[in-house]
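Take a look at the structures below.
What follows is chain A paired twice: with chain B in the first complex and chain C in the second.
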Partner chain A sequence: MSTNTLATCLIWLAALFVTAVFVCLLADIISQGLTGLSWSYLIEPPQDAGRAGGIGSIIVSTGLILLVAIATSAPLGLATAILLTEFSTQKSTFAQFVERSLDVLSGIPSIIFGLFGNAFFCIYLGLGFSILSGGLTLACMALPILIRTATEGLRAVPNDYRLSAAALSMTRTSALIHLLVPAATPALVAGLMLGIGRAGAETAALIFTSGYVDRMPDSVMDSGRALSVHIYDLSMNVAGGDAKANSAALVLIILLFVINSVSSFLANHWMHKRIIHL
Partner chain B sequence: MKPLFIDSKMRLDPAEHKVPNDSYTLGPIQAGEPCCIPKTLFSIKNLSLHYGTKPALKNVSLDIYEGCITALIGPSGCGKTSFLSTLNRLTDMLPDCKVTGDIQFNGNDLRDPSVDVLGLRRDIGMIFQKPVPFLLSIRRNIELPLREHGITKQSEVDSIVQQVLQDVGLWEEVKDRLESSALALSGGQQQRLCIARALALKPKVLLMDEPCSALDPISSAVVEDLITSLRGRYTVIIVTHNLAQAKRIANYAGFFWVSDRAGCLIEFGQCKQVFEAPVHELTAAYVDGSRG
Partner chain C sequence: MSLSHTDQNLSLILQLCALIAAAVVLLILVFLLSESWPVLQHVSVWRFFSDDAWHPAQDLYNITPMLSATLLSTLGALLLSTPLGIASALFTRYYAPPALAAWYRRLIELLAGIPSVVYGLWGLTTLAPLVGQLHPPGVSLLTAILVLALMILPTIALTVDSALRAVPVAYHHSAAALGLSRWAIIKNIILPAAHSGITSSVMLAAGRAIGETMAVLMVAGNVVQHPHSLFASVRTLTANIALEMSYAMGDHRAALFVAGLALMLMVLLLVSSAELFKRRSLCLQIH
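The block that comes next holds the complex of A and B.
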């Protein structure tokens, strides 16, 4: 066998292995979780610590937590990325300091974020165990990855755009709004998705901040149980909760998949619309 | 406006020929030699440019005449593009770029920090080597800078869009698909759109940085014809590697060369003289094709 064939085989094997892990995982969750999945499961509140009933209130809490996280992290992240790429040079001490801080921040384990969120949001700011505390903690966690991707996206916009806009006597702000941010939109959306993905899958940070309470939240100041926390609780703390845990895991995966598809569709649609109508 | 035509005896090198400042240069100008007394639009003295500590241009002095096409030729990396960028202060946007020397534009100091750069860039348009159509529709590409400058009345915008697209000969090709993406145009069409976009702002000067080099020969010929048709109406400064093109379209030519690792202007004069009777031996070797 020639080296070439060998190399090709190894590359295919590696790819197959990676895909196989994903397929096995998915197959396991689907086969175990699909039976428990029904419309009533999605809307009913959990009973008997989750062994019976559904996950209605938990889906609502998860949605609210993600909403708080996106609403705070998206504008902050975009603004920081714009500051780093458009209003400071990559060599400036300030930009380097910010980027270094973000690198460190993205490597911090989520349990530390949880403890920080608990100390800062719940206790110091007096928000208590609440959806708001949880969402804000997740925003802190999602920020580094969001800013990193948004920065890369904006830096990838060719400098020709900036120079052309300037040569057409356009202001920086106008070039940013009309040309640079739209051109970077796919990257910005990808960043948001990665951030939400990380936030949606988060457990440790939420246990300390948004809490365990599994009833329907009245407001964002209420404690609420996220799906990931629910899965953790069912499989670790509740005897006989495994079947329901699998169903909840399947719902979480579907939820992330749906958010991902919808947002990339919206991004494409929006870009398309800009080109056609504006 | 009073065109001042001169007789053949007066067709001298403008450097030795003192010209009154209130004369005009409009009218049909033949390639090779200007038909009338040129009016200085840019007067550049001892212009030097550094990127960090690295010199890119050294002591460039020349005059650019209104209504004429001035071609800048020379090998790559001799600072021609940097020179163009100083004329619309685009160098302000490049980090580590330091410009020294004196540039007078219409009698005003162009490098004065108090100069309204946005207004200046409106007067001095620029076309880049690679066409840069924005990620917008064809119409919107022209509309965006117009609206930015306060021209918002739809009928006025529409008429300017049509006018400039006709000027660059693109109207017939795109009038039915103004709303489709500018990226769907061919390279030559994109470059003409970029020129139209610059013309829409009614500039006095067009800086062109190798506008034809990324185009195929046919598109290149179309753009070249377009540039020739701008003569008299606009002052055009064009950087080109195509010597034949420079010879065909320009009234004046400047030859840049790298010496001591910095670009400098070796020779400047009427196009015909630079190509047919160059004074400097480097120019002779370059236009002859034996150097560069």
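The block that comes next holds the complex of A and C.
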């Protein structure tokens, strides 16, 4: 057998092996999670440390944490992206400084964000273990990806748009509001979804910022348990919690799958339809 | 070009926002340093490597068992997933028919989006019992390596795929025109051309593996010891922080921040050298 045939066989085998392993993994997660899944599981509050009942309050807490994260990071991210694309050249020192720091930020492991969030939001700012602290910590984590996708979205808007606006003597502000941001909306929303997806998958950054409390939160100052933290707690700290953990894992995966699919659909299809090339 | 009054105002607001976004990373560094300062004042850095054990309550701060667990699990995961990841990328780009390649890539993207806590749960309920049949207790360095390898495989496959995409098609065509076989083209032309990009993606994956917390925490067994075999229970730096932060006080808490600082420095070193390699590969492409 020649080296070429051998290499072809090995590469097909590797791909087959990877597919088999991952199909097993997905089948395991789905089959183990499906047994406990029902409508009442999604809306009932957890009982007996999660061994019984559902994940109603957990889903509400997760939603609130994500809401806080997005409400703070989206405006900040969009503003930074606009500054980087529309109000500075790529060579300017300030723009380079901002981009460098964002590169560094995107490489920081989530447990470090957890340490920082605990020290800064919970203790230094006195927010305690709360949904607000958790959401703000996730906001810091989501910033680089939001800014990167928004920057790419704005750069994808053809320069003709800017020149036409300038020819009509529109201010840059009104060009942004009426032309550029609307044109880039699909990319911006796609980036937002991607950020939500990342934040929703996060566990380590939330354990010591938003805490473990699993009852229904009254406000964002209450501690609230995110879905991922719930999975961790059930499988590690609660004897006999595995079945419920599997169901919660399936819910989380379906949620993230929907979010990621919407994001890639927006990025691939809507954006192309929306931009008019002159 | 001069800006109108409105534009100047907007520009100012935007600069302020960008400054806040850029300051987050500095803020993180400042807080890590200031929180670890109390213990660094009276415990020299050297003692984190030379103390007899990790017993913060008894003023002993040796982090090397955790450090070796982190490094060994990362190394093991890289050894497994680098060849598989590169093979996956080669498969989608040069071997699979387009429709199959698209499906395969979608599968890999789907897996890249699975949260680490779910990988950990699967490792704990499915993989650990299997490893336990080979050699108890099952939650071990080997299980951690396997789960980490699964987690970073999509990262490597996707980033190597884009490194391969960046190799000019002309290289492939010229080599094919010379009558080289597919493997000869890949081995002699494509892989050398994509070398920097591949190195960068492996380093990025190493950074992710070192920083990974939840999955490793759930499957590694969490005993503070230098691993004496693949089946030994170990505790990584990240898992140690996650486990002890909930009750650590005073110097103990500060020591955990020191561990966090060490972790951050390692990851930043890897990520920035990955960036360096990536830029070098971009430069090569232009010429």
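One rule holds for everything that comes next: the second predicted complex is superposed on the first by the 230 of 278 C-alpha atoms of A that agree within 3 Å, B and C clash if a C-alpha of one lies under 4 Å from a C-alpha of the other, contacts with A are read in each partner's own complex, and residues count from 1 in each chain.
As a convention for this text, contacts are C-beta pairs under 8 Å (C-beta built on N, C-alpha and C of every residue); 3 or more make two chains touch, one makes a residue touch a chain.
Treat the numbers as computed from the prediction; the structure is a model and nothing was measured.
Student: Per the contact definition in the header, classify A:Leu143: touching chain B only (first), chain C only (second), both, or neither.
Tutor: second
Student: Looking at A:Leu179 after the superposition, I want to know if it touches chain B, chain C, both of them or none. Which is it: first, second, both, neither?
Tutor: first
Student: Report for A:Ala239: first if it touches chain B alone, second if chain C alone, otherwise both or neither.
Tutor: Neither partner.
Student: Is A:Thr89 contacted by the first partner chain B, the second partner chain C, both or neither?
Tutor: first
Student: Under the stated touch criterion, which partner chain does A:Leu163 make contact with: chain B (first), chain C (second), both, or neither?
Tutor: A:Leu163 contacts chain B only, not chain C.
Student: Does chain A have more residues touched by chain B or by chain C?
Tutor: The partner that reaches more residues of chain A in the superposed model: C.
Student: Could you list which residues of chain A make contact with chain B in one structure and with chain C in the other?
Tutor: Comparing the two interfaces on chain A, one with chain B and one with chain C, the shared residues are 171, 174.
Student: Quick one: which bits of chain B touch chain A in the complex? Just the residue numbers, please.
Tutor: By the definition above, chain B touches chain A via 88, 90, 93, 95, 118-122, 125-126, 128, 130, 132, 134-137, 140, 144-145, 148-149, 179-181, 194, 197-198, 201.
Student: Within their complex, state which residues of chain A touch chain B.
Tutor: 89, 91, 158, 160-171, 174, 178-179, 182-183, 271, 274-278
Student: Using the touch definition from the top, list the residues of chain C that touch chain A in their complex.
Tutor: That would be residues 3-4, 6-7, 10-11, 13-15, 17-28, 31-32, 34-35, 83-84, 87-88, 90-91, 95-96, 104, 107-111, 113-118, 120-122, 124-126, 150, 153, 157, 181-184, 186-187, 207-208, 210-214, 217-218, 238, 241-242, 245-246, 256-257, 260, 263-264, 267-268, 270-272, 275 of chain C.
Student: What part of chain A is in contact with chain C in the complex they form?
Tutor: So the residues of chain A touching chain C come out as 2-4, 7-8, 10-12, 14-15, 17-19, 21-22, 25-26, 28-29, 32, 75-77, 79-80, 82-84, 87, 94, 97-98, 101-105, 107-116, 118-120, 124, 140, 143, 147, 171-174, 176, 197, 200-204, 207-208, 228, 231-232, 235-236, 242, 245-246, 249, 252-253, 256-257, 260.
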